[in-house]
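Okay, here's the structure, questions in a sec.
Order of writing sets the labels: A, B, C and D. Residues in every chain begin at 1.
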Amino acid sequence: MMFFESLYSPGLAHRSYIFGAAGQAVVIDPQRDCRAYVEIAHRQGAALTHIFETHRNEDYVTGSVPLAALTGARIYHGAHLPFGYGHPVREGDTFRVGQFQLGVLETPGHTPESISLALADLNFSEDPVAVFTGDALFIGDVGRTDLNEDPVAGAYILYDSVRRILALGEGVLLYPAHGAGSVCGAHLAQRSFSSLGFEKAHSPVLQLDRPGFARRKVSENLYRPPYFSDMEQRNLVGAPENPDPPVPTPVPAREFARLIEEESLLPLDIREPEAFSGSHIPGALTMSLDLVPAFAGYLLPYGRPIGLIADGYDAARTAATYLFRLGYDDVPAFLQGAMTQWAAAGLELQSTPGISAMDLEARRERGEPLTVLDVRQISERRQEGAVPGSTHIYVGELPQRLARVPRDQPVVTYCNIGARAIMAASLLQRHGYERVEYFPGSFQAWTARRLPVEEWRQPAVV
Amino acid sequence: MMFFESLYSPGLAHRSYIFGAAGQAVVIDPQRDCRAYVEIAHRQGAALTHIFETHRNEDYVTGSVPLAALTGARIYHGAHLPFGYGHPVREGDTFRVGQFQLGVLETPGHTPESISLALADLNFSEDPVAVFTGDALFIGDVGRTDLNEDPVAGAYILYDSVRRILALGEGVLLYPAHGAGSVCGAHLAQRSFSSLGFEKAHSPVLQLDRPGFARRKVSENLYRPPYFSDMEQRNLVGAPENPDPPVPTPVPAREFARLIEEESLLPLDIREPEAFSGSHIPGALTMSLDLVPAFAGYLLPYGRPIGLIADGYDAARTAATYLFRLGYDDVPAFLQGAMTQWAAAGLELQSTPGISAMDLEARRERGEPLTVLDVRQISERRQEGAVPGSTHIYVGELPQRLARVPRDQPVVTYCNIGARAIMAASLLQRHGYERVEYFPGSFQAWTARRLPVEEWRQPAVV
Amino acid sequence: MMFFESLYSPGLAHRSYIFGAAGQAVVIDPQRDCRAYVEIAHRQGAALTHIFETHRNEDYVTGSVPLAALTGARIYHGAHLPFGYGHPVREGDTFRVGQFQLGVLETPGHTPESISLALADLNFSEDPVAVFTGDALFIGDVGRTDLNEDPVAGAYILYDSVRRILALGEGVLLYPAHGAGSVCGAHLAQRSFSSLGFEKAHSPVLQLDRPGFARRKVSENLYRPPYFSDMEQRNLVGAPENPDPPVPTPVPAREFARLIEEESLLPLDIREPEAFSGSHIPGALTMSLDLVPAFAGYLLPYGRPIGLIADGYDAARTAATYLFRLGYDDVPAFLQGAMTQWAAAGLELQSTPGISAMDLEARRERGEPLTVLDVRQISERRQEGAVPGSTHIYVGELPQRLARVPRDQPVVTYCNIGARAIMAASLLQRHGYERVEYFPGSFQAWTARRLPVEEWRQPAVV
Amino acid sequence: MMFFESLYSPGLAHRSYIFGAAGQAVVIDPQRDCRAYVEIAHRQGAALTHIFETHRNEDYVTGSVPLAALTGARIYHGAHLPFGYGHPVREGDTFRVGQFQLGVLETPGHTPESISLALADLNFSEDPVAVFTGDALFIGDVGRTDLNEDPVAGAYILYDSVRRILALGEGVLLYPAHGAGSVCGAHLAQRSFSSLGFEKAHSPVLQLDRPGFARRKVSENLYRPPYFSDMEQRNLVGAPENPDPPVPTPVPAREFARLIEEESLLPLDIREPEAFSGSHIPGALTMSLDLVPAFAGYLLPYGRPIGLIADGYDAARTAATYLFRLGYDDVPAFLQGAMTQWAAAGLELQSTPGISAMDLEARRERGEPLTVLDVRQISERRQEGAVPGSTHIYVGELPQRLARVPRDQPVVTYCNIGARAIMAASLLQRHGYERVEYFPGSFQAWTARRLPVEEWRQPAVV
């Protein structure tokens, strides 16, 4: 019997795959905490023999090296980058596992050594039935090309790679390395299943000709989190062999305060926005648990111990796993008893008041001095419009652009629904801004209330 | 082989017991969601044959009837109340299960038909090695006697019952029906294990003589939640046979709002205090998840559908189970996407600001008009003192005593650590009080900051 | 966000589907133990609103009625049979759930009211991206048509239905109601994913023209388990509302023996073949746990209590769930301590010796009187050949054809690998055959040893 | 709040304890696979700060070193042996954790550096409420003293230690390091709870005076598994820091056969006795999964790779954990598909026929040449009698005493219920005995059938 499973890393929206037959198993693009693959394979009576990396990842630490250390499997990757581990494969190489055959297609464009893997079921045909496309072709979109040294050339190269993938046949199932929400593409579909035929017919970017495709790719203006370059380097060298995330220890409030004060522990509050709004440790950064995978790389420096404020042990453990996937291995502590114990110890509290749509509109109408800070992606602002008079700085770039936010008047942050707004507000408070509010419900609440929307005009904001 | 397990219901601090040998199993004081006992017994190769109720419970719905329906086991209870189900047992009755023998002691005082069950291991002796005492004798305390028609007589009767239990021998292990935190006793130890010998020597109430014991019991002034009388009635009649808690359905924000408006859905917010403080549905009651078992019976009417606001599905399911244990079977809904989606729908938000110890002291010092409302149990206020000038109303009695809280000046609520303070604040806001704050950290923060404490003087508050 | 999951019932090889978006969820062809769907939907913040039955099932009890009772969802099914519940749908009916649209195709042939459901993602196109085909079109095969009153007409009708499905487009993903191993088709692929394009090009039966297709369907000679007609009836009427499988109680050996003797308990041994071979209760039927879903309907009568002999509690619970899915609701007991306790009680034991390939060949060579009974499907015998001189009776038909097995000489049973061989051996022993052996490894071991194989000749066996 | 939990290692019947209060946690006698303690402590908001070893264990590898490596906790042990790690403690040392105090008693006798730890709840008293006694005092028995260089002196020393423990008070709860089934004592109670008062009154060995106690200890004749001396050494040096058991890989039948043949893989069959009886790999040793902890140390050499034959993945993982606890770290493989795939590959099978009580009696009566081999402990034979004419060799000593078992006539092995009988049979078969049977149900079946029993006569067997 064969088996086939996809594992999903929330936030990263990363999909890895494991399948096997006849006592062997293959993993494609494993996550760093990789014991689960061993469990799945062994439970199916299969030994893990092959690990493929479709490309050198920039958004998470791959688990290839620790997984190979656990199992003895061989690692394979594209030939056009100098990996410090594993074995290079080239166009046309094939691998057999039971009745399955994996064939290598070189599909550069996202990175120079990107490969796709066409899967054939030899019980039926040598024609492929599915293809693993890494970050070349997604459901509803294609991979980003702006990380290349020459993004224009990268876009043309990707166009050609995608055409070669599509040529595998309309009925071929599409298994990419990311789903909706990934920072590796702009417009991924929420749907988790598709085929080359459906994509060819209905994915907007695939309707463009070669120059149109390149123009679109070049104009995407995707954000590039600062941790990407660090990840690229790690994934070329190979991760350490340890597959187990750090285990944060509960630390009492006063000791937690001392670690912040004296040992540069960075307080990271992963509770829901409303809880952070209600009360938090002064100077804490916040990102709710589900945002950690996507935003830690923007806002957290490497090399500094992280102390978590979480609603409970399970949330702290999950956050430590998310951070481990991004290469943050020093997460020694979580606050015992969370904010209740912090407050009971008589330590200082800070809050981040929420403001309603109607109050914001009233203050705006009255012409009160107020910075209304839109921290969404610029593409959201373009498509949906904005609160009139608001300033735009993407939350991921706020650390570098704080100088643009005036300190002499109140600030209200907003995003689409509020989760990034409070993250931005926490950053401002951490940097000494004193009158900071956030807008719960944010632009969704604004439009639900049918308040006036400022349409996008090109030069207004950069 | 024998097996022995104790199941614990958090919040109720209720302990039930299951043990067995030679293919039979016994349950003592089962909880209403009772499938777990069947699982434990069957996994041990034992059929559930005996269910004992040590007394007619007043604080939760017992699972005897649904458990008997699942398994065919027989239910046994004390003879001195007219139960609508099960079989009465009397002093000296014995039951064999493998090498174990259970002997009945009639130990009234908490209720007239309370029994204790002495457990002997006949492989070693007919002398008991342990005793299940229900609500007669706890670790560090004894059961309450104020629920009797004649509490004074009840106290004397309980004294005699406890003496009879203690006479079983110093080395006898003590297995009561409640642990620390229960509303069924005043001063239960946090420790979950003890013996009759240790209790006899060190439990404070057991050091008193008969009149001293009675005086102490009569002066305890424990609170009596309004749902107790309802529970007593249900437990005499017997619960319905269904062992499965209600399954609340996720409901979108606008529909949830409509249910509140038009179908008298009671919004119950079970998130952490800080989250409720940050933003909540106007008019919602709050009790954080762990407080639901102890406070739902004080604040929630029967016969009205309950809609939960929870941080996630698991919390909603747990709350539904807690409510089911208390006889609230109509929990049809939880708010989909919690407060984030509520805010995004542009619906009204309310907050409950927190106030710090220093700010409270400053406002008090300045003589600002302000009701500082202490919602702890009166016994806590007596023992620990209070914020100077504060008014006392126990949170459980606040619904009946709202008239005592002035509406024309701000109110700050406090308790020991803040969790009951915000519950009280939510009740005030629900009843239209407009300037309500709560004090996070509460009296613990107050004393951690070494602020002045008002000592207890007898007549000041009732 | 959307979600999509497939649940798999092992043995039945039944696939059901749940997906949702925008707070609503849809289930297609639910299994009878249906709480899992509610859990999945609610955890995703979705209320279950639609249940579809692609056809009146004959191989398991559908969970539509209990699932509707748990959730209030509406049930939909094809219009051309008189269901006792739910709502009929017709060609062209559409249903919206968030950005998804389900469109009904009437696709009769397996049953007269079979429907397929085409799924479109309106964010991209009204063209379908996937189709749920029930038992019309499988991966690698099509549904059986021999259950129709007129199988020839059914085959033609199915041909036309399949053509209409294939016309949806090559890139459309295929989600059928069964995977490999199902009794609902003959040659299903082991692969769990495919598209209409891949099937059209590579599924053998789809390469045939209309007459060829009909000829093939008519000549398939699939077995028809006797419980099918019972299931068909149940699924027209609708299952009872209870979604919870029976809970078998551990019963000590002597009492278990008494229940067999006096209360017609049917002993069903679900341990591995080697364990049954080693020792078992005289007269017990065996099918190892994973064979229960596929073979209970052949060998177990309805209306008789079933007592399980299992290696442990978990296996007994799983078997009870499997039996519940087939409509066996009376599973009151499992043998406490399994065969160890049975033996310790001094009760009679029976064994079923295994015979090796070499010993079988030696006895055959020597011309010893011996019935070598091949209990595989006739199609396996045709394709792979047989042990020379062996007699063929399919294990599922053995109860009706016992008279063909001589009682006056030893019998050795074999199948492909041994699991069905020991099932057949247990049936013979139960019916008083005294010299019964089974062949572990069976035909696989035979060919691994390169022993002579008798090729298929048409008239030899029917 | 405090917490208290006992973890149980089945088979070893080893109990470890974890408890904590006020953010700290203590572990007593941790098992080697020690992540569970960290999980328990952190979930309770406590950091693990203290690890105690009550004595140098001889029956399992302690987890102190890996647990300290995971958490930074300090290790404490008795002072009278030269441990290679941790910190020595002495009579009267005390340790505080929240309201709890642990006080050291030196209680030698089982080992020279054994300590007991008296636990006081300072909220109530400085008198102890419980005591952790390691292997000094068990429920129903005391520790073995025969491992001392001078067992007589050891017995006297233990008598004095036990008296000192008992002097702590009748109401003190007893928490020993082992429960019933341990090889560390002879007559442990099946009951898992007791007090010093109950033990003092009812434990048989505690009713003896000092000389009687010593006489009894010296005459116990407990078996000493050969791995004990290895364990003692490891536990003085300290285990490696890795807390994770080996992960056996599924290996196909032919490759498994090759590993046995060419790479000295030791085939260890952990299926139930009936399954081994039915068919097994020729030369495999068997011990059913639950017997692995108690018997691996008798029958398995160190330093040789172990290949498991198991009914499934979970059993293989559990066995690997059991073996890891005993210091067998080289468990690289389990047989993929178990015996079914072995048989299908056409590989050789062996069986171990069972014999019924009546058949055994018949052959005995007829005077057939037959070795009836009783492999129980000699104490069982003494107390319960034996099959007339049977020879006694304890299964644990069979490897050293094979020369006593005649090779020229059939052998039937028996024990109490059959599990050890088949283990012994497998050992005989592995050593080339050709006519080996085992007796399922064994002596229990024999007496259930009321067959004649030979009473114990002193000199008959040694």
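FYI, a residue touches a chain if its C-beta (ideal position, glycine included) is under 8 Å from a C-beta of that chain, and two chains touch if they have at least 3 such contacts.
What you are looking at is a predicted structure, and each value in this text was computed from that prediction instead of being measured.
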Note = Moving step by step through touching chains, the smallest count that connects chain A to chain C is 1
Message = If I rank A-D and B-D by number of C-beta contact pairs, which comes first?
response = B-D
Query = Using the average of all C-alpha atoms in each chain as its centre, how far is it in Å between chain A and chain D?
reply = 49
Note = Whole-Å distance, C-alpha centre of chain B to that of chain D, is 42
Ask   = Residues of chain A that touch two or more other chains: which are they?
value = none
Ask   = Tell me, which parts of chain C touch chain D in their complex?
value = 271-280, 311, 338-340, 342-346, 348-349, 351, 353-354, 356-357, 417-419, 440-442, 444-449
Query = In their shared complex, at which residues does chain C touch chain A?
reply = 1-2, 4, 21, 99, 121, 123-125, 127, 129-130, 140, 169-173, 180, 189-203
Complex contact set, residues of chain A against chain D = 23, 38, 42-43, 45-47, 70-71, 247-252, 313, 316, 336-337
